[in-house]
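Listed below are the structures to be examined.
Below, chain A partners chain B and then partners chain C, in two separate complexes.
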Partner chain A sequence: MFVAVVFVATSFNFFLPRFTGQDPIATRLELLAAEGVTTRAEDYKALIETYNAKFGLDRPLVFQYLTYLSSAVRFDFGASITKYPTRVGELINQAMPWSIGLLVTSTLLAFVVGTLGGAVLAWQHGPKAAFELILPPFFLLAAVPYYLLGLILIWLLAFQAKLLPLGGGYAPTTLPDWSDFGFLFEVFKHSLLPALSIVLASIGFWALGMRSMMITMQGEDYMLQAEAKGLTKTRSFFRYAVRNAVLPQTTALALTLPHVVSGAILVERIFGYPGVGRVLYEAITGFDYFVIQGVVYIIVLAIAFAMLVIDVIYPLLDPRISYSSA
Partner chain B sequence: MATTASTEPLAPASNVASDTLNRASGLWGYMKRNPSIIAGFVLLGIIVLFWAFGTLMTAPEDAKDLAFAPPNKRPSLQNPHPCYTSENPRELCFAYDNEERQHLLGTDRLGKDILASFSQGIPQTVMIGLIAGSLGTIVGTLLAFAAGYYGGILDAAIRFIVDTLQTIPGILILIIITIAWREVGGGEMTFIQLALIIAMLAWLGPTRVVRSQVLVMKQRSYVEMARLSGMNGPEVILKEMMPNLMPFIVANFVLAVSSAILASIGLEALGLGDFSSNTLGMMIYHNIWYGSLVNGWWWWWSPPIVVIVILFIGLFMLSRGMDEWANPRLRRRF
Partner chain C sequence: MAVDTTINAPTERAQSGRFEMPTTIDELRRSGIGDSPLPAIDVNDLKVYYDSEAGIVKAVDSVSFTLQQGERLALVGESGCGKTTLGMALMKLTKPPGYIDGGEILLDGRDLVPLNDEEMRLARLAEIALVTQSAMNALNPVMRIEDQIFDGLIDHGIRDTKENLRNHVYDLLRRVGLRENVGRMYPHELSGGMKQRVAIATGTSMNPKVIVADEPTSALDVVVQRQVMMTLSRVQRDTGAAVILIGHDMGLVAQFADRIGVMYAGKLVDIGTVQQIIEEPKHPYTKLLINSVPDLEEKRERLTGIPGIPPPLVDLPPGCVFAPRCPSVEDVCNELEPRDIDIGDSRHVMCHLFDEDVNMAGRGVG
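And then the complex of A and B:
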């Protein structure tokens, strides 16, 4: 499955832009011409040919495809068309830590808070009243796209209250220095708003899923047994109900990662966050096919990998499933 | 809610003369026990009212990009009516009250009347959702029946394609397709075409969910009975399974519409939409592009957000309520 997903996605990625019959080099030169760089007609033709040869766009499609596949395996996507000497890999490498730091933290935070909240909400013996007041607004927020929530948060917390910066990864006046504590704090402050918009918008999703799982679990016989054994409420809550109800949630976590990525493209765009989403956005607006291919490939690979990891750790969470006996 | 469900009778006594009345009141009786559906309809109704209000108060020309109209006018309650009518043509109108002309919700950076943009954009966005959602639901349901009912290689193939495509973030595929499509069309793309692009992936969800329902239903005794009595495949599907799955498919249709609108707004906000349209997503795009948040043009960025939020929450409540209606076993739980 892992290989199939990656292969299909990569091929998609290769053929779709090429079926358009559009010439990225010509597009780029037109852009240059619009900026005032003029060339004579015969030079223009030679220029296109040279560039096409340089980027390997003049060869038969099959060869291009094979080259592309081998470059995908080697993680080498060539140079960006719009930012010419920069390699695609370099662009992605710079952006990746920002995205991973933001997305993984906020998704896991939302997962933990939402799952626990949903569990308590469904638990008959728990402090229900407080949660019944707090959680339902989050159910509604879950129906709202991340980036719209982001816009509202920018306006409330950054523009009106001036508590947090408007956007960006760090203040434009400072130089990145990862050993400096002040810089780290600044990065944290800048990531707070985008993270908050992702967390607020997805807590409800996790809480809803967990709640309905917990309600099902409470009808199970082993819950009755836990009660009959005289276990404490806390113990039967965590070891019997939550332990079982969290399994589908974990699967959902793997399946939701794609949506996190897609939501994050716009979150990064709105907050001007220097992550992969912004690289992709700039590539889209600049018709930079190689960068688009590289970014899409990396994202798909990351998701496929995450699903593989979930598959592998599943037996640890659920002892009933084991790969050795199967 | 669970307690009312058990005490109230499903429908009023059967001695009501008119059958339709009986059915309608039965429906109303059910709706009363399903507040999600009511909330959904009320929220969507608010949007319809807002659209109707905008259509009454503005002329379609107001939503056009007018280079000579004064941009960024604050909302005003004074003289909000369009000054031009059939007797009072547009050129004349703008000639004399360019500055005095007031707008209920103000104008945007391009000089468009914001209320007029909504009266155009809401139907356009809903249209995208309906086209992509219904195409996705129809194709998905057909594939689901083909896969679930007939099984075999067909099932394996459909399942493989769905599983693979669902792993890849939909928005990435849509981004690539949209760029490709726009390039073919010379940079132009109508919002109907955007809807068709979104429909290319909209069938994945319905296929998966309906297929699993078909698999369960295939084992039911009445389906087996129909097969034993000599009905062929399409007959069983159309006459026995389809009517029973209809509520479930309708509930999924609402969900498909909602996710199609979500996808369209996402693509448009990224700048991959129809620039000649006024869809809600294009409004968000223009807001981001002109930085209306930091410029303090609250009357421009807040209405589309409010409308989109109401729209999504309305669709969400509706689909939850429909789910409950389609799947009666859920009724006891919630």
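And then the complex of A and C:
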């Protein structure tokens, strides 16, 4: 199953960029020309041929496809066309920690805060009033695209108030040194705005989902029974209502997390954040087949892997699902 | 927080007049039903109303009855007559827009109505327990059976070793005819009858004085219904708890109960022993109800139903609520509300036919 999903998705990944009919090498040379690198017409033709041969793009499509499959298995996608001679793997490796660090943290934070907030909002006995004031603005924000929110935040906090940097992963004047505390703080400062835009935009999404699940759960007979058993409110809230309402939320989270790998393309683009999303964006604009293939392949693997993990851990969360008796 | 409770517990108890609570399984086992001279539950003039757009719905209107320690009372009546509302009100589980408008629920002499949320929480399960209508879904699907029983014990201040707790649960399960290993199972692994037994085991886990069993067999087939009723019967004898059985199946409740209370449109119109109710029904509604039950020994051409439908509870007729459907109706019934008449042998009927002060031509028919 896992292998089948990965294979089909990987094949799509090979053919889709090629159906666009764009010539990556020509695009590359046009870019160079735009930058002022001029070539004579006959050299231009020779150049394209040389490049095509170099990247194997002159060979039959079937042959290219087989090469691609074997490279996917070896996790080696060759060199980038636009950033030659940098290897695709190297590009992804550099960008990955940035994306994972930013997006895993903000996604998990939004999930925890949103889910708990939504749960309390639906709970009849809880400190509702406070949450009724705090959460509805987040429902509103859930309807605002996070990149738009990002732009507003940049304008407000970075451009007007000058509290936080405008963008980037760290200040262009500093050298990356992960053992330096000052540098780490700078990275943190730069990640605040993109993280904030993701968290603000998705808390409402988690809260709304949780709230409606909680309302359904509270109509269940076991909630009445929990009250008739004289359970404390805390216990019936967490172990009876939340425990059951969180199950669909967990599925949604597991399906959201793999996208972390691809990075929130738009957020990274807006904030100039050096993550995988930016790598993919640049690859697509430059028709860099090999980088697109590499990034998408990693995403496919991550999603398939996440689905596998859900399948494995779900019986632990919900005893009604079991593979032995099914 | 734990420290706090231990220090404050005795004084708090003395001050607020909370129920005495056992703190270990051993104490719990010895706590059983004492020989209190007071009735197990004494309900006086209980009113449960619902606010609706059409007006106030009097779902339970001035109901009074007394249940001695270890007694078994069945409440019967048509759908919507207020029997479940009454059962929920006894647990103080009435949900908005419903509310208890007045009356007393004296449980072993202590009134539940004025208790605050926390006091009432502690009284539930320990003093008065509920076995619900649809035990099929009354269990948390993601928790083991034993954990669900532990929860109730722990939240009532039982602090004991896992082993003692578990042994207690095993005893409870055995008492309702289940094997010990059911404790380690999840609800979806049990049949309907087993779940209902678990509900009974849970309800009796703290030796309550009163068990409210709200149609405990309604979702089961007849064979299992009988088994569950026998289990409830046995557990009731073992624990000595008083039981209020809510049901609409006259035949089933008659086998179980000592007394039957007949409800109509939110009022308890007739109450007496099973024999009294079945052999000499007094209230015209009870008579019609008894006549609608098939009799195996007697040959009857047709079963008689009761013509008409119960009145809307928002807009009750001024006199007797049953007057519009009553075969013995007279003019006074449409004007004067009948009183609760004690006709001896702890039998009460709410009908002018038995009221000495009301002039009824039809007296002597009943």
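Just so we're on the same page, the second predicted complex is superposed on the first by the 297 of 326 C-alpha atoms of A that agree within 3 Å, B and C clash if a C-alpha of one lies under 4 Å from a C-alpha of the other, contacts with A are read in each partner's own complex, and residues count from 1 in each chain.
The rule is simple: a residue touches a chain if its C-beta (ideal position, glycine included) is under 8 Å from a C-beta of that chain, and two chains touch if they have at least 3 such contacts.
As the structure is a computational prediction, the values presented were derived from the model and not from experiment.
A simple residue count on chain A separates chain B from chain C, and the partner touching more is B.
With both structures placed on the common chain, the touch criterion links A:Leu151 to chain B but leaves chain C unconnected. In the superposition on chain A, A:Tyr222 contacts chain C only, with no contact to chain B.
Shared-chain residue A:Asn244: touches chain C; no touch with chain B. With both structures placed on the common chain, the touch criterion links A:Ala9 to chain B but leaves chain C unconnected.
Residue ranges of chain C in contact with chain A, taken from their complex: 91, 93, 121-126, 129-130, 132, 134-143, 151-152, 155-156, 186, 188, 199, 202. Those residues of chain B whose C-beta lies close enough to touch chain A in the complex are 160, 163-173, 175-177, 179-181, 183-184, 262, 265-266, 269-272, 284, 287-288, 293-294, 296, 298, 301, 305, 308-309, 312-313, 315-316, 333. The touching residues of chain A, when paired with chain B in their complex, are 1, 4-5, 8-9, 12-13, 16-17, 19-22, 140, 142-145, 147-148, 151-152, 154-155, 159, 166, 212, 215, 255, 258-259, 261-262, 265-266, 269-270, 280-281, 284-285, 287, 292, 296, 299-300, 303-304, 307. Residue ranges of chain A in contact with chain C, taken from their complex: 220-222, 224-232, 235, 239-240, 243-244, 247, 317-320.
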